[in-house]
Amino acid sequence: MSDRPMIEIESVSKWYESFRVLSDCTTAVGRGEVVVVCGPSGSGKSTLIKCVNGLEPYQEGRILVEGVEVGAKGTNLPELRAGIGMVFQHFELYPHLSVLENITLAQRQVLKRSKAEADERGRALLARVGLAEKERQMPADLSGGQQQRVAIARALALDPKAMLFDEPTSALDPEMIHEVLAVMSELAAEGMTMMVVTHEMGFARRVANRVVFMDEGRIVEDVETEAFFTAPESERGRDFLSKILNH
Amino acid sequence: MNYSFDWSVIWEYRELITRGFINTVLLSLLGLIFAALLGILMGTLASVSSRRLRWIATIYVETARNIPLLIHMYFWYIALAYLRLPAFACAVLGLSIYSGAYVTEVVRSGIAAVPRGQYAAALATGLPPFAAMRHVVYPQALKIVTPSLAGLASQLIKDSSLASVIAVAELTYEAGAIEGLTFRTFEAYIFVSLLYLALVTIVSQVLMLLTRSRKSETISVSEG
Amino acid sequence: MDVILPNLGFLLSGLATTAVLALISIVAGTVLGIVLGTLRYTSVPVLGQAAAIYIEFTRGIPLLVFLFLFYFALPALGGYKVSAYVAAAQGFSFFIGAYLAEDFRSGLRSVRPQLKQAARASGLTETQVFRHIVLPIALRRIIPTLFNQYVRLFKFTSVASVIGVSELTGRAMLVNAREFAPIAIIVTLALTYLVCCLALSSIGRALSHRFTVRT
């Protein structure tokens, strides 16, 4: 198993028709590491992390998750995805299932856990994200922050090796952002490997080990967190930081 | 499959088919006109503030559309046989009252989709209520509901085939006649099916085209 | 009432025939609708196009002509015999199936791609995503449309009398031929359909209320 990074992204490029969304992106996320991905809108952040679990295909380069190449023909994508949790900007809870059922569906269908086992795990995770009493509610009955915490519990239920977050707080009202970030910080503290697209620079500074800064489909900076905040190497990075921090 | 096709019967009995086709078109056209009038009237009633008038519309809609069209036709043709209405008239009555219920619902939803401020604004400029509806509300509502109306028109054309049951010599009836005369069952019914298909497709395409040209009209007006 | 009561048993068994015919056609038509709608939704190469042609053809022709195809034309073509009842059940199922297919397709399409992506991200296979996420959401969303079609079908069953099925309308006309009381008989007939259709609609409303998908 050695020191090989959990996620390795090597010279990845991706096109939509003739439009190049990702250009020669290279980075890696080590075991237990938290990497924040930031950059202006449309720079390809979502696209990049969706390539990691094969939700988006890429045309050039390689992405390895624990040494398994995501884009290779023989790769069992459902199996690979089950090992990586993902949290979305708009929660994407299943609207026809109760909170608990949202958390147990993949446990039962993918991991083939028994109902009792899945329910137990689901309840434990709900308690952990502070929503123990909500298990019977429907997603639409919860606030945005609560829905996002359920979504995190849903991802954790599969005991993932790593978690991907795509702007998990940008659809939330300010007072709810905190409750979601708290859960994420806790996860990081427990040693979860995380790749987080976010504009929450306070969170990045406190929690991230490294910051990846993207612009126009390129990884412009890939540095230690403190280095990024104190002395960004690129003009674009400085620009971005000053805009977002003075905002 | 030992069936040997003989499509020549279609040509042989072209007069029957033509007559049937013309009657289907006439029947549909009259049905459409009366259904539209009834639908606009009842749809407007359904949109007024008076609860009692709205009730009239609701009762009409719920009764007319929850009784099979065939029974509507039997009502005029058999139950009220003493009126001695011609079969064709019975078919038109049945079709318009039945389809009028669907038109009512469409008109009501169309009027509901026009912002209430539009009617109020029209009244405020001094238009009397009827003119306000006629010049401000209906045109906007019509544009919103044209796709649904096109759907209802095709439905009505297809529904008109039930008139054959009360011996109106429209297309379906003539298909039966040709079948009885020649035993070319398959040819007769497939050919008639294709005629209906063509008629329905043309009518709904034309209606949709009309909306599109109306849209471009408004755009050019607003640009000019 | 003088003409209805003595014939009540006869008419009620006609109503039972109508109900069974409607139920068979509703079940078969719904299954057909799901299959065809799914073929259209997933745009399976050849089958998807075949489904599209079938749906367009069926939706373009009158129910009565469609029934004649099943009762007269297809048996003539294939050299087989079929009872009026079976032809009616086949005709209704295939007819309503074409309409339901389009409703199912638009229901399936109403599920946001991001939601499917989230389901995929948790390791569900395409089939599981369809079976556990897309289909149940679509089904719940189209309950009102579905029941509109069922009510339509229930009314359609009266047309089966034209090819000689002895259902409610057919029997009512027989009673009329015997008793000659057209107003009483046809009004009773109309009211019976009215009550049944209203009942069916209210079941639909209750179900759609119970199963609304709120987002």
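Here are some notes:
Order of writing sets the labels: A, B and C. Residues in every chain begin at 1.
Heads up, the rule we're going with is that a residue touches a chain if its C-beta (ideal position, glycine included) is under 8 Å from a C-beta of that chain, and two chains touch if they have at least 3 such contacts.
This one's a predicted model, so the numbers in the text were calculated from it and none came from an experiment.
If the chains shown are joined wherever they touch, the resulting network is a simple chain of contacts running from one end to the other without closing. Chain C has its Cα centroid nearest to the centroid of all protein Cα atoms in the structure. In terms of their C-alpha centroids, the spacing between chain B and chain C amounts to 22 Å. Chain B has its Cα centroid 55 Å from the Cα centroid of chain A. Per-chain Cα centroids separate chain A from chain C by 46 Å.
Considering their complex, residues 50, 53, 55, 78-79, 81-86, 88, 90, 92, 94-96, 105-106, 109-110, 138, 140, 154-155, 158, 164 of chain A touch chain C.
Of all residues in chain C, only 114-115, 117-125, 128, 132-133, 136-137, 140, 211, 213-215 touch chain A in the complex they form. Interface residues of chain B facing chain C in the complex, by the touch rule stated above, are 1-3, 62-63, 66-71, 74-75, 78-81, 154, 158-162, 164-165, 172, 175-176, 179, 185-186, 188-190, 192-193, 196-197, 200-201.
Interface residues of chain C facing chain B in the complex, by the touch rule stated above, are 57, 60-66, 68-69, 72-74, 76-79, 151, 155-159, 161-162, 169, 173, 176, 182-183, 185-187, 189-190, 193-194, 197-198, 201.
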